[in-house]
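Okay, so subunit A shows up in both of these, paired with subunit B first and subunit C after.
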Partner chain A sequence: MRSWLGPLLLLALLAAAPFIGFGQGWAMTLLARAMILAMAAVSLWLLVGGAGMVSLGHAAMLGIGAYAVVILDDARVTEGLVVAAVAIGAAARFALLTGAVAVRTSGVHFIMITLAFGQMAFFTASSLAAYGGDDGYTLYARNTFAGTGWMEDRVAFHFLCLGLLAAVYIKCRVLMASRFGRVLRAARENPLRAQALGFAPYRYQLTAYAIAGGIGGLAGMLLANATEFVAPSFLAWQRSGDLLFMVILGGVASPLGAVIGALSIVLVEEWLAELTTHWRMIFGPLLILAVLFLRGGLAGIPAMFRRG
Partner chain B sequence: MAEPVLLLDRLGKRFGGLTVTDDVSLAIRPGEIHAVIGPNGAGKTTLINLVSGTLRPDAGRVLLSGRDVTGLPLARRARLGLARSFQVSSLLPGFSALENAALAVQARSGSSFRFLRPAASERALNDQAMAALDQAGLGARADVPAAALSHGERRQLELAVALAMNPRLLLLDEPLAGAGPEETERLVTLLRGLKGRYAILLVEHDMQAVFALADRISVLLYGRIIASDLPDAIRADPAVRAAYLGEDA
Partner chain C sequence: MVAALGVDIRRLFMLVFGFGAMLAGFAGVMAAPILSVEPGMGDTVLILAFVVIVIGGIGSIRGAFLAALIVGLIETLGRSLMPDLMRLFLAPSPARQVGASLGSMLVYMAMALILAVRPRGLFPARAG
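For the complex of A and B:
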């Protein structure tokens, strides 16, 4: 039960945020963005930390979710529940199709293939002239929710993002503890052993890839709603790199690491950018130090203190 | 006569110009321990890999309980009842001993495409895994991660995992490799306990252990079986003595 203490604390903190000094518009926007990226990072964690598959194309899943919002908006479909279902379905299907090839590889090859598929999606988005091409597409309004304008309310949107982040986090933990997750972990630790037991890792890894893709699509749908603007930059490989960094900085041992990594990167970035325009000069070295000295990532810090 | 659990039919394998498995045929009947011995480089590991499915033969067939499995990969053969242990322990280091065995039980009991219920709380898996650990004398170490076990204990866990698969055929690749004298004694006692209950293909360097355990022995030299007989006959065979035993025993 102790492993739920940290997540619950974080949940309480995020739930209280609007009422303890983060209620202004800009702060709520920032927090929503952080929670959405945290959701994407958790889905990427499922691959990196859970299945041992380092993907450098995860932004494509977000982008597909975001472009689902755009394409449906253009077709006057703005019901959030419908849009979310389409976003998840489209991203999961993209993951299933590209994964069918990518999952056959591993290590550096897997990184390169996922990157290549990500770039393919990026250039496809850039060439969608009907949806603004390189310039992107500004949404007329956020999606409705069960027919109401509920998502326009920033407190409501805050709790929607928080609730979904919590749901995604729990789903990932439950998944990893299940029979399915056990096979995934086995295939990560020792693929030969997994096969000798009778498991062909491919089917399990591909399923995980599709699930992670679907969650990425949901995050993309929310991100489009948060910013009310979608551009091909959503799918840029740098964004995939950012997500990967969030997972690694936070600590790959648990999905909580991905949440902490995402929240801290988004918030520290913002804070440094306020201090100086040359914030990247500080941010870069900070990240390097963190990777060098925090073996278990940010989530591993409490354990470091316990050990002394 | 009962149908052989494993039948190798004129198996051949070449690496480039080198023939490492040359026209090898052998049969293992239910409950029989069949040992394969031979000097280093005789092709024992290749033979194990051909039987388990990590290598494909260039010629011949592999039959498991009468079914041709020559074209099937490792995972499919495992599901058909072939359990192999590895010469260098190949376990799941982050899994506890119990989890290592429980995953083997899971592999043969129901679908693993189950996403909700925690696998660690499945009584049926844990009970059978525990039974396998007990059988291998490792019951007291169930909760220890495989990475933290001693070398001898890892050899025992290799065995427990293979037993947890409830196999038709056990393929033991040097189960005593690297074990000290005491560990060897414990493992040999353990293996003797399996005699008559499993069909076992045993590849092992320890001659004393081989002659103590095997019902039949085949001698492999340059990829060929030069003799296949009862232990006493093998011990007396002049060709075998010249080729192999003379240098070692």
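For the complex of A and C:
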């Protein structure tokens, strides 16, 4: 029961945010962005924390979801449910195809091969001249939802993102608690022993990779709708690095860490940028100190105090 | 185990890290006169350097040297020849776009292929 206390508190805080002084336009936009990136970070956590596969190509999943919105928008398909299904399907399929090669490797090689596929997706996106190429593509409007335009409403979009973030978080925890998750964990700790027990880790890891890809696609679809603009920079490897950093800063022990990491990076970045134009001079050292002294990540702080 | 032999590992790692940084700084001195100097000039080199190390085989200096030459050639030739090559099959305007993106992608395709076929790199470091 106790492990649900933190997530519930965070959920309540995010749900209350529009009504306790964060209801202005820019604050809502920022919160939506933070929650969407948190969703992507949770899906990356499934790989990094759950399966022990450090991927540096996760931005590609986000980008494929975003470009699904663009391509369908160009074809005059704006029904959100259809777009979301296509985005998830396309990203999961991409993950399945590239994962079939990548999952065979591990460690540094896995990082590099996911980076390679991410870069391929990036250069493909920047060559799509019909969808703006390097300059990106501005959406005419957000996707409709079951024929109505309620995603245009800021508060409604806020709760849509929050609801999906909660759903993704619960799905990841349920997945890791299931037999499937136990096999993943066993393969992470000792692949040889998992094989000796009669499991083929490859199939489980590939499935996890595809699931994470699908969730990444959903986050990309939401991100495109939040910004109403999509550019190849969505797929740049720097963004994959950002996502990885969110997961590690928050703490790889639980998916809650990914959520906390994503929220705190997006919000602190914004807050510092408002204080000074040289915010990176403060932000960089802060991150280094956090990595040096917070071994369990931000999510591990309460446990540090409990131990005293 | 090495620490038990009386080697100060922290100091050794610090020195190696510093020496690597010194070499990178030297590369910067060489690059500044021929490339444009800007804060982000390291970004593209950073990723390509990783690619070189992985293709050559981690821990192998000979591999890094040869892979650097291979990657440099693939990158340069790919970018300059791909658009012309594509014109054999496509109309000029799409050929330019497809060629340009294929040229940039070539290095990563090569890396994915090499990792899939020879996971330890082209010139793996000899053990022991």
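One rule holds in what follows: the second predicted complex is superposed on the first by the 308 of 308 C-alpha atoms of A that agree within 3 Å, B and C clash if a C-alpha of one lies under 4 Å from a C-alpha of the other, contacts with A are read in each partner's own complex, and residues count from 1 in each chain.
The rule is short, and it goes like this: contacts are C-beta pairs under 8 Å (C-beta built on N, C-alpha and C of every residue); 3 or more make two chains touch, one makes a residue touch a chain.
Bear in mind that the values here come from a model prediction, so they are computed numbers and not experimental data.
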| item | value |
| --- | --- |
| Subunit B versus subunit C as contact partner of A:105, first or second or both or neither | second |
| Touching partner for A:186 - first (subunit B), second (subunit C), both, neither | first |
| Which superposed partner A:76 touches (first subunit B, second subunit C, both, neither) | neither |
| Touching partner for A:199 - first (subunit B), second (subunit C), both, neither | first |
| Subunit B versus subunit C as contact partner of A:237, first or second or both or neither | second |
| Partner chain(s) touched by A:123 [first = subunit B, second = subunit C, both, neither] | second |
| Touching partner for A:207 - first (subunit B), second (subunit C), both, neither | first |
| Overlap of the subunit B and subunit C footprints on subunit A, listed as residue numbers | none |
| Subunit B partner contacts - residues on subunit A that touch it in the complex | 174-175, 177-183, 185-186, 189-190, 192-200, 204, 207 |
| Contact footprint of subunit A on subunit C as seen in their complex | 43, 47, 50-51, 54, 58, 94, 97-98, 100-102, 104-105, 108-109, 111-112, 115-116, 119 |
| Partner subunit C, residues of subunit A touching it in the complex | 101, 104-105, 108-109, 112-113, 115-117, 119-120, 123-124, 126-127, 129, 133, 237-238 |
| Subunit B - residues contacting subunit A, complex | 52, 54, 73-76, 78-79, 83-84, 86, 90-95, 99, 103-104, 106-108, 111-120, 122, 161, 165 |
